[in-house]
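Look for chain A in each of the two complexes below; its partner is chain B in the first and chain C in the second.
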Partner chain A sequence: MYVAVKGGEAAIDNAHRLLAETRRGDPAVPELTVAQIREQMTLLVDRVMAEGSLYDPDLAALALKQARGDVVEAVFLVRAFRTTLPRFGASKPVDTGAMAVARRVSATFKDLPGGQVLGPTFDYTHRLIDFALAAAGTVEPAAEAEPRDDAGTCPRVTDLLAQDGLIEPSPPDDGAPVGDLTREPVDYPADRALRLQALARGDEGFVLGLGYSTQRGYGRTHPFVGEVRVGDVAVEFVPEELGFPVPLGRIRLTECQMVNQFTGSGTTPPQFTRGYGLTFGQSERKAMAMALVDRALRAAELGEPVTSPAQDQEFVLAHCDSLQATGFVEHLKLPHYVDFQAELELVRRLRAEFFRDSDSVQEAAE
Partner chain B sequence: MSATAMIEPSRSEAGYNFAYLDEGTKRMIRRAILKAIAVPGYQVPFASREMPMPYGWGTGGVQVTAAVLGRADVLKVIDQGADDTTNAVSIRRFFARTSGVATTTRTTEATIIQTRHRIPETPLREGQVLVYQVPIPEPLRFLEPRETETRQLHALREYGAMHVKLYEDISRHGHIATTYAYPVEVAGRYVMDPSPTPKFDNPKMDDCPALQLFGAGRERRIYAVPPYTSVRSLDFEDHPFRVQQFDQPCALCGAEGVYLDEMLLDDAGRRMFVCSDTDHCEGRRADGHVGTGDAV
Partner chain C sequence: MATSPLHQGRDESAARRAVMALCADASRDDLDAALQTLAAPPIEDLRPPETGLVMATGRIGGDGRPFNLGEVSVTRAAIRLPDGATGFAYHLGRDRMKARLAATLDALWQDPSRRARVEDALRSAAEKAEAARHRAARRTAATRVDFLTLARGED
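Take a look at the complex of A and B:
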């Protein structure tokens, strides 16, 4: 019997009502508040802000609630909101050297100005489930640190290395306008600023996998973590009518300065090279992976053979965005009846020809 | 370390076996270790377990240590030569909690030393076990990323690519540009990655009275250098293997011929060089040796 495939409208409405009910879960359990997500799922909120390219913890928390905790779906909601916002200008570059650090570690020097600041980290916890957390309770207040003599000064490790010329200098600000991949299509080859934009909003898992592949020989870069720092920086904006910077507020960032294999030739002295990672919020995994991939993507610029996926900017940039990726993968769920019908017709015709030919071959043999 | 950085679980460790791993897992790891000792320098695959610390933090070394640890052992854990680095503290605490064995910072008192990136300055003796944490066990990995290829190269003892790499370093830089994880040939057969120790430590591996075990958790490999085994750093007749040399002694204990850490003192370029091996440095200072305390 033929079943009508029309009448999808009511089905869609009903599916959305069911989604809302499923999202809420058991009504006997108190509903999550946006503030709870923002305060207690901070790293998840940070990831949604980073990949959503919008610094707004409340909005990211709300998106997570609406998305049933699905990161890519929450990023989608944030991006769709972001695209509606008017753009009135670009801030001054933030100064991460003046960051109020909550955490700062260097893997290249045991001690350095500003010190090693562990901050809130999982790094040295033993991953044993804490069953006490299943019950509500109070948390012991954190210890207060004694102020260091050099408190307040936390120069970047790469700046310290640059004093001796041991690392390539940061490229100077040439005043040229910086591209914006959310406003213009990417034109390959993309410059480093655009590549960093793409990586900063790229899917954490994808960038992580690519970064990891460089550590296993697919585009090796001999990385050392010069430093990873997490903390708050001031954002300043120069309104045209005023002509001087006014503070807009503070945002939390994670920055990774990777110190990589040295180059050198008959004409240039050997020195270390740089890979750079920067994300909203606290996301060391993402910032570090981004720095690895940034350095790998500089292969052509530094005269290294381009042989691996992480060094291939078209491969990386075209596939690192979780919304583009999920959109195209999941669109396979959409109806493809007419295309499939065309394929069916062809395969049937080819099979008929195949069997007709093999029959005639057999007849000839007999 | 702040009070919140080390989150202590509320349950006692009573629910876990001695040294965390179950005895079946330990037996599997011990079998891999025995095979590794029987074929020096050969990478033995083993069924590495998920551990309560991340891959890259020393899960291979921790599994090897857990498999060889006995109740009478005295454990020392170092990272970058120091007992007080964060990850060394974490791993030492892990075994103190899960096994209750005695721990020490003294190289001479330890029966098992788990290390990341250094070999102690104090010569090791018979009966000691040095457990290395290994990130990439395959010395040929950065010449050939595919495991199917590198296993064949080892089987055929085809190490030409490694020599070509070292030769290309010399032709480009005038030196062999490998400063750590410097490849060695073990017992005249397998080329082996010594883990990312500075090449300064390579000579200590040769003819060493202690048993050297290497664990790579993420890559699921164990390998070994039995006591008194030849370990030769690859080189050329006209470019013999050389170790790093420092221009000044340790600023704290005055030691020469040891590996030093560089400390940055300010953003004006002042720095100080001190022993990477903290136990060695403390021991010398206790014996009355004094450095200049000067920055350079």
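Take a look at the complex of A and C:
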């Protein structure tokens, strides 16, 4: 248990001044601007937005600057900032089918209506350090081509499979209220909507590790990437005073449709099942891992044995939040003097008893 | 969009939303420049510009039950013109000045006698947004890939 302590004000002030100077680094090197971080560390900014659960690239970039590039610290800053703001309401659900696609690939079909576009990807690069980047220089402009006629209409791969009944439908929108873990503590069992909210803001490393564990046999789901798409979607919100959906602007999202092996029963024919991932910004790794874990967490619903960590929703949901995890782990370094004193006294007493007893045993033996 | 007035061929509400979408995508400088050309009357805040949050929702599987994806920062403004007309704006981000400019444009646009001039003032912002979308689509199109399946050796 942590008991409050007093004192150390001057040392703490000075530590924070030292932090500020350390954050700045060598003053002979030009200072980073928030715009530079936003424009040139985009995937890092995206990660802070996803795990901070707040889409605001400028704010995430500033948080990264303040946090010396530490993702979890930046997430902490963003989460703290959001608590100072009022909630106007909830958006209309975004339509990822109408996404202006910047990247879209499928591992299940090579020919798709709308086509596959690679976009700005690390895939197929050789992962050799590019020393030319160490020197500032101009960038060769990206190639351009006339979009083909079908570009711009990209039906989801799962919609194509669903036309033939080969894949289970998405759970229908029954108009029931949507749980929000930022408003109500999670009650177990949590429904799929709540689980997806937790995964969307969950730590990328943790969700990735869990997703990987399902591939290695801890809750296998036999996944195929039906589709990964990255692009911009419009967000709309209906303000009470207007009564119609107001376009707020566009946000970049990554969506993964995982197509998994079949279920079926005496009464329902075999069909593919689904795992779903959706994240702020461009993060295929996170969206794919999220889709794997989403599917694994449906084990009980689909009549599969629940034997592995990735299938255990209490394990996953209670531990996937980087801020909660870091809070509890890192609080251990704060002064625990009173607690530890009690432990010290206990261990001293137990040792005294141990030696007294062993002395008397020895005496009896002699 | 840029070549025909936004209010032609659409119902009133759809046209107003199209102007709102245009303002949401435009920069503060673009909106400021548009308003400069309109000799806008002095405005009064109906509600001071305010930054808050909207919970962005998605759908399970893209088309199913909604779920909460995460919040977006949103700034809103509501203004009144001297003649009593009101205008509203809700935008992603934290730019209060921009929200107030957009709310002013919304109020002016609702007056049918000013509508064409407002859309004219926004034309360059609309063209800029359209050009950016066009360029992004062309650069994406250049990365379109046709995968071929190779015959497997054991067959």
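One rule holds in what follows: the second predicted complex is superposed on the first by the 358 of 366 C-alpha atoms of A that agree within 3 Å, B and C clash if a C-alpha of one lies under 4 Å from a C-alpha of the other, contacts with A are read in each partner's own complex, and residues count from 1 in each chain.
We take it that contacts are C-beta pairs under 8 Å (C-beta built on N, C-alpha and C of every residue); 3 or more make two chains touch, one makes a residue touch a chain.
The shown structure was predicted, so the numbers you read here are calculated from the model rather than taken from an experiment.
Using the contact criterion defined above for the overlaid structures, shared-chain residue A:L32 touches neither chain B nor chain C, since it reaches no partner. Of the two partner chains placed by superposition, only chain C is touched by A:D180; chain B is not.
By the touch criterion defined above, A:D159 lies against chain B and chain C together after alignment on the C-alpha atoms of chain A. Of the two partner chains placed around the shared chain by superposition, chain B and chain C are both touched by A:K110.
Residue contacts after overlaying the shared chain place A:L118 against chain B and chain C alike.
A simple residue count on chain A separates chain B from chain C, and the partner touching more is C.
With both structures placed on the common chain, the touch criterion links A:A325 to neither chain B nor chain C. Once the two complexes are laid over each other on the shared chain, residue contacts for A:R216 go to chain B alone; chain C is not touched. Of the two partner chains placed by superposition, chain B and chain C are both touched by A:A145.
Overlaid on A, the two complexes show chain B and chain C touching the same residues of chain A, namely 110, 118-119, 142-143, 145, 159. Taken in their complex, chain A has these residues touching chain B: 109-113, 118-121, 123-132, 139-140, 142-143, 145, 150, 153, 155, 159-160, 163-164, 215-218, 220, 262, 264-265, 270, 308.
Residues 13, 17, 20-21, 24-25, 50-74, 76, 78, 88, 90-94, 133, 135-149 of chain C touch chain A in their complex.
The touching residues of chain A, counted against chain C in their complex, run 49-50, 53-56, 58-59, 82, 85-94, 96-97, 100-103, 105, 110, 115-119, 142-148, 151-152, 156, 158-159, 169-174, 176, 178-182, 192-194, 196-197, 200-201, 234-235, 237, 239, 241-242, 244-251, 253, 255, 257, 274, 276, 278, 280.
Remark: chain B residues 1-7, 9-11, 51-54, 57, 80, 82, 85-87, 89-90, 93-94, 97, 135-136, 141-142, 144-145, 172-173, 177, 261-267, 269 touch chain A in the complex.
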